[in-house]
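Read through the structure below, which is laid out as structure tokens, and then see the notes.
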Amino acid sequence: MESGLFIEKLILVLVLFAVSLGIAMYSTYLERKVAAWFQDRVGPDRAGPWGLLQPLADGGKMFFKEDFIPFHSDKWLFIIAPGIAMFVSLVTGAVIPWGPELVLESGHTIALQVANVNIGILFIMGFVSIGVYGIMIGGWASNNKYSLFGAIRASSQMISYELAMGVSVITIVMMSGSMGINDIVTSQHGFWDNGWFTWYAFKQPIAFLIFFICALAECNRAPFDLAECESELIGGYHTEYGSMKLGFFLFAEYTNMFISSAVIAALFFGGYNFPGMDHFSGWALTLIGTGVFFAKIVFFIFVFMWIRWTLPRFRYDQLMHLGWKKLIPLALINMLITAVIIAISEGWFSK
Amino acid sequence: MQSLTNRSKMVSDKKMTFLEKLYLPAIFGGMIITAKHLFRKNNTIKYPEEQRVFAPVYRGQHVLKRDEQGRENCTACGLCAVACPAEAITMVANERKKGEEHLYREEKYAEVYEINMLRCIFCGLCEEACPKEAIFLTDRIVKTDDNRPDFVYGKDRLVEDVNNRIDVSRRQLTGKRKEK
Amino acid sequence: MASKLTNEEVYTLLKNAFGDKVGEMLTPFDLLTVEVAAESANAIIEWLKKDEKLQVSYLTVLGGVHYPEDKGREIAVVYHLHSLVNNFRIRLKAFLPIENPTIATITYLYVGANWMERETFDFYGVIFAGHPNLKRVLNDDSMDYFPMRKEYQLEDATREDKDDRFFGRE
Amino acid sequence: MSNENEDYLEEYKQDRLSHETIDGDLATLNLGPTHPATHGIFENILTVDGEKILDAVQTVGYIHRAFEKIAERRPYNQITTLTDRLNYCSSPINNIGWALTMEKLIGCEVPKRVDYMRVIIMELARINDHLICNSVIGVDTGALTGFTYLFQQREAIYELFEEVCGARLTTNMCRIGGFERDFSKTFWTKLDAFLLNFPKVFTEFDNLLSRNRIFMDRTIGAGPISAERALEYSFSGPNLRAAGVDYDVRVMNPYCSYEDFDFIIPVGSQGDTYDRFQVRQEEIRQSLSIIKQAIAKMPEGPYHAGLPEFYLPPKQDVYEKMEALIYHFKIVMGETPVPVGEIYQSVEGGNGELGFYLISDGGRSPYRLQFRRPCFIYYQAYPEMIKGQTISDAVLTLSSMNVIAGELDA
Amino acid sequence: MGKVTLDAKLETINGQGFQLTSIDKAIGLARANSLWPLPFATSCCGIEFMATMGSNYDLARFGMERMSFSPRQADLLIVAGTISKKLGPVLKKVYEQMAEPKWVLSVGACASSGGIFDTYSVLQGIDRVIPVDVYVPGCPPRPEQIIDGIMKIHEMVKNESLRRRNSSEYKDMLGTFNIESDGE
């Protein structure tokens, strides 16, 4: 690999790492504030101006909290679990194109994507499902029944919803003709083309709905937060975790939410594309495009929170029922219809 | 079972309409309700910066009143201690000596008067029991503390300061004493 | 809603059915109160429940009372029963000696009597013969006395922040 | 630390908390004593197969405070403070129930105005109680926001109570013979404001949950009990009505002039969580209507009965009149003679028939005072209600039964 | 009751070797603003604690809205309500399961001293079982008083040296309650 590219990617990775951490941190702050606004409250306001230092206070506290490992637990697995959760959630960001390619005046192009893998979607789905290993190992190693319940719930939920999610994404793959995220985003260029929306959310509303619901479930967000649901399982898989290990779990949850929002924005809402983007080029295009992408991400994070603070949660069997008996058939039917329409429009049947 | 009265009415309807079965209308309806609150002014009282106004009859920290001439009203009759369900009041009575008329209104006075604020349940029965209008509960709240013995409030913290009177006139008028 | 039965009516029926197992009729504050022999208390309650006219089939509350002065019948078990259909209440009292306070359980008639009987056992030591699980319910199993009996003191012996002289009692 | 404490701690070292074992396919799970869903301290030892509950054993008495024993040592007028702490979500009902018992014992007629004032207070307390229960059902299903909306309204009710008696929760509000003081002007304006605002917020809450399919799926069929079983268990109040029996003390044995008011008794069909939720929702609406009727019909008159032997004279009279001074001392010392007798008086509390069985021997304090505590009576049905259900259902059933620890454990 | 005066805790802060450094101060501030409470709510005071969490008083302002029902994650044990002798050992167990540093707030008359329940079944103050940092009087206390108590705890947290929990004074103090300082 030539050294210039290496440095370029290294910088990108570091920036991405920092941004992911920063966004995850401030998502916790946003979550608290959003909850407060929905509930006619103020939310954190004593740590720094408007409570802006709240995430730092939480982090600082957790770092200096007693690092406790329960006597009956499997120590290595207990320690390793939050690490897995954290690592997996961060690594998925690698294949997402964070902005339009930057074309410098010298003709050199810099891609704002760490790795343009041609199976980007598979990569994301694969890694996201590894994420549940962190939860499972953590829940199992704690040697606590509530944790175990949380872990089992999380893993079966992950498997069930992964399926519907995958099937709903296949429609997008069929329409764009590629599994690379960059290609999918590029195929949604602009906003309006040939008298029709380019964004897949409008072309495939059902696929979007299914994907969105599944994304909620994959992130263990309400109304699918059965793995930790406070009123039943106390803390679920992280019941026995304290200090920074708990911090890692919470961090992973928020990073997951960030990545999920990014994937939704990229797959269904055109990623960095925005209406009238053809009038810009060079630095301006990259900056605005990236800004638009992050605005979309923040919006979806907000929607995640909005749903969490509005809806009651499912019961475990009802969750399975919804996944297997409703979403998967619906996704399959949607896939079939899409396939037929594509086949007709490509003229396969006229031969 | 047969109906006992003619007033009963079935209120629980468990049949869902088709729309309700779709989840979405109720979900969006709920989200609209919460979204409305997003733009509503918050309802929080930012204690300690802002303070809520307590009702005039609020039952907070006690005060031992002095009369207009600055003499203690309490005559150590012990009714408040008897009336206290938490047994939080203790007192030691003493005879007023010559030359102390400016300090104590009655011939007997409480040499020691202690209320254990951790025991006290702020029921207001002592105030009701007092025949001399000496003890009142006020709309001040008792301070928190980290040392348990400090919660036994003696006369130093209960008797009002001559120069810094605590106004209880409003609660005196509500029912316990009619305006002339 | 007025009651559909009168005290006299019910008492007469009861007296006819059980004869001298039923004591005299008292009506403090218009509530029919009957002292019943301890050995036939459960039979009377069963009869009241099964009688088609009375239908006294709701156990309002069951509890004990301790009368230390009343020798030979120190412990009373008091049943409050209610006929929802007729809106008629009745109180039955059975007296037991403190040496052997045993009475038949009524859990086979009312499931809800289970805890009430356990509570009465817990407080007064009344033994309900035939009870499926007669052990303390509110207090710790390790307690070795029946706290609601009059001779036991109420206060926690370890409290030291009060002086009894000030409270108008011993 | 005293030896006595040491001893019982030692005994406890055989540690009931870590008795969890997994044998074969069945596991034992301790729900409580400090589980977040217990809202109070209840311990349920569940035998579960996966998430399905096969058996449950409760332990109660974790906050046993010996109310009935204390009642035998306190003068009659101090017992109000005890009743406060029975069902602390609706303490004014308990206070008034106790005052009614005493009034019945001494044979006192209270003015009509007092009755109506009491009705207003009791219905406010009932709303308060049901609000806690229903909002907590919301919290246990994961919808926290409705809880915060309703708690703002509870603050409004607290302010009303504070205006009447000076305390928010443990009100110690009622006196034998009437009220300590008349309702102030502020009270009436605040009450009007409450009656205006509350229905809006309440409708919002209702819209958030009642017809939401997720919520309905969660609650329908969770923790059911049939009417026959409920009566066997001596259920009362909303939990009995949810099972379909329209038993309400306010209608069956009216007290406090409840016969003057027109209201319906909401009932459910299966006695499951959804029925209980809906019955409570409707009861809140009925209570509002009762309050409005009471305001409309409120007669003029004194706020207490002329009862010099039990109702404290005004402070001025204590200064000026010898007779008043004597009564004052007698009342406070608890030396006014009361009739000897036995009495049972019940009111419709927040959770059902709250009864007072009082035996008076004419002395300073009751000879025996037994509380019919509805929570204690129906909580024993809990294992039966959750058998065959999942852990999530068990949590919801517990909160929808509205078991108040203070009332349960006495 | 034990002979421990809880002031001893505060005294050790400024004892030799325990001067507050700037790191101590920063961490103290962080801890104070992120005290996750474990509500051990048993009765009436629990309802007032719920009111404190509600919109009108909003504990979230202090960064405390995240309830940690798991003792491992909690920093502040809020004991609200009557603790009976039957419940005492449970409370102690919960305290032992909490990770250091931990603080205890005793809310209301019952938890602090037994209140009106001077009876055979009620523990006359939780400081017979676990060390208490701040007492809140009232039956139940108003939310204002609970917030006062929490802010008092904040003061303590801010002024606490990082190393106090390792000091022998602290271990001795726990020893008087028969609590071993290393968790379980």
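Order of writing sets the chain letters: A, B, C, D and E. Residues in each chain are counted from 1.
By definition in this document, contacts are C-beta pairs under 8 Å (C-beta built on N, C-alpha and C of every residue); 3 or more make two chains touch, one makes a residue touch a chain.
Worth saying up front: this structure is predicted, and the values here are computed from it rather than measured.
Counted as hops between touching chains, the shortest connection from chain A to chain D is 1.
By the document's definition of touch, common neighbours of chain B and chain C comprise D, E. Centrality by C-alpha centroid: the chain sitting nearest the overall protein C-alpha mean is D.
Taking each chain's centre as the mean of its C-alpha atoms, the one that lies farthest from the centre of chain E is C. For the criterion of most C-beta pairs in contact, the winning chain pair is B-D. Of all the chains, the one whose CA centre sits at the greatest distance from that of chain A is C.
Work out the mean CA point of chain A and of chain B, and you get 51 Å between them.
Centres computed as Cα averages put chain D at a distance of 29 Å from chain E. Mean C-alpha position of chain B lies 21 Å from that of chain D. Separation between the centroids of chain C and chain E, computed from CA atoms only, is 44 Å. Residue numbers of chain D whose C-beta contacts span two or more other chains: 2, 5, 8, 35-36, 61, 64, 66, 69-70, 81-82, 84, 145, 148-149, 152, 170, 208, 212, 214, 231, 245, 247, 251-252, 333, 409. In chain C, the residues touching two or more other chains are 1, 84, 87, 138-140, 147, 154, 158, 161-162, 168.
For chain B, residues that reach two or more other chains under the stated contact definition are 4-5, 27, 30, 33-34, 37, 42-44, 46, 82, 85, 87, 116, 119, 121-123. Chain pairs that touch one another are A-B, A-D, A-E, B-C, B-D, B-E, C-D, C-E, D-E. Those residues of chain D whose C-beta lies close enough to touch chain E in the complex are 1-2, 5, 8-9, 12-13, 17, 33-36, 39-41, 61-66, 69-70, 81-82, 84-85, 88-89, 132, 147-149, 151-152, 154-155, 158, 168-170, 405-406, 409.
Residues 2, 4-5, 8, 11, 60-61, 64, 66, 68-70, 72-73, 104-105, 229, 231-235, 245, 247, 251-254, 333, 341-344, 346, 353, 355, 357, 359, 367-368, 370, 372, 376-381, 409-410 of chain D are the ones that touch chain C when the two sit in their complex. Within the complex formed with chain E, the residues of chain A that make contact are 32, 35-36, 39-47, 51, 53-54, 56-61, 64-68, 70-71, 230, 234-235, 238-243, 246. Chain contact summary for the complex, chain E toward chain A: residues 26-27, 29-34, 55, 58, 60-63, 65, 67-70, 72-73, 75, 99-101, 162, 165, 183-184. Contacts from chain A toward chain D in the complex involve residues 35, 38-41, 145-146, 149, 222-223, 225, 229-234, 309-318.
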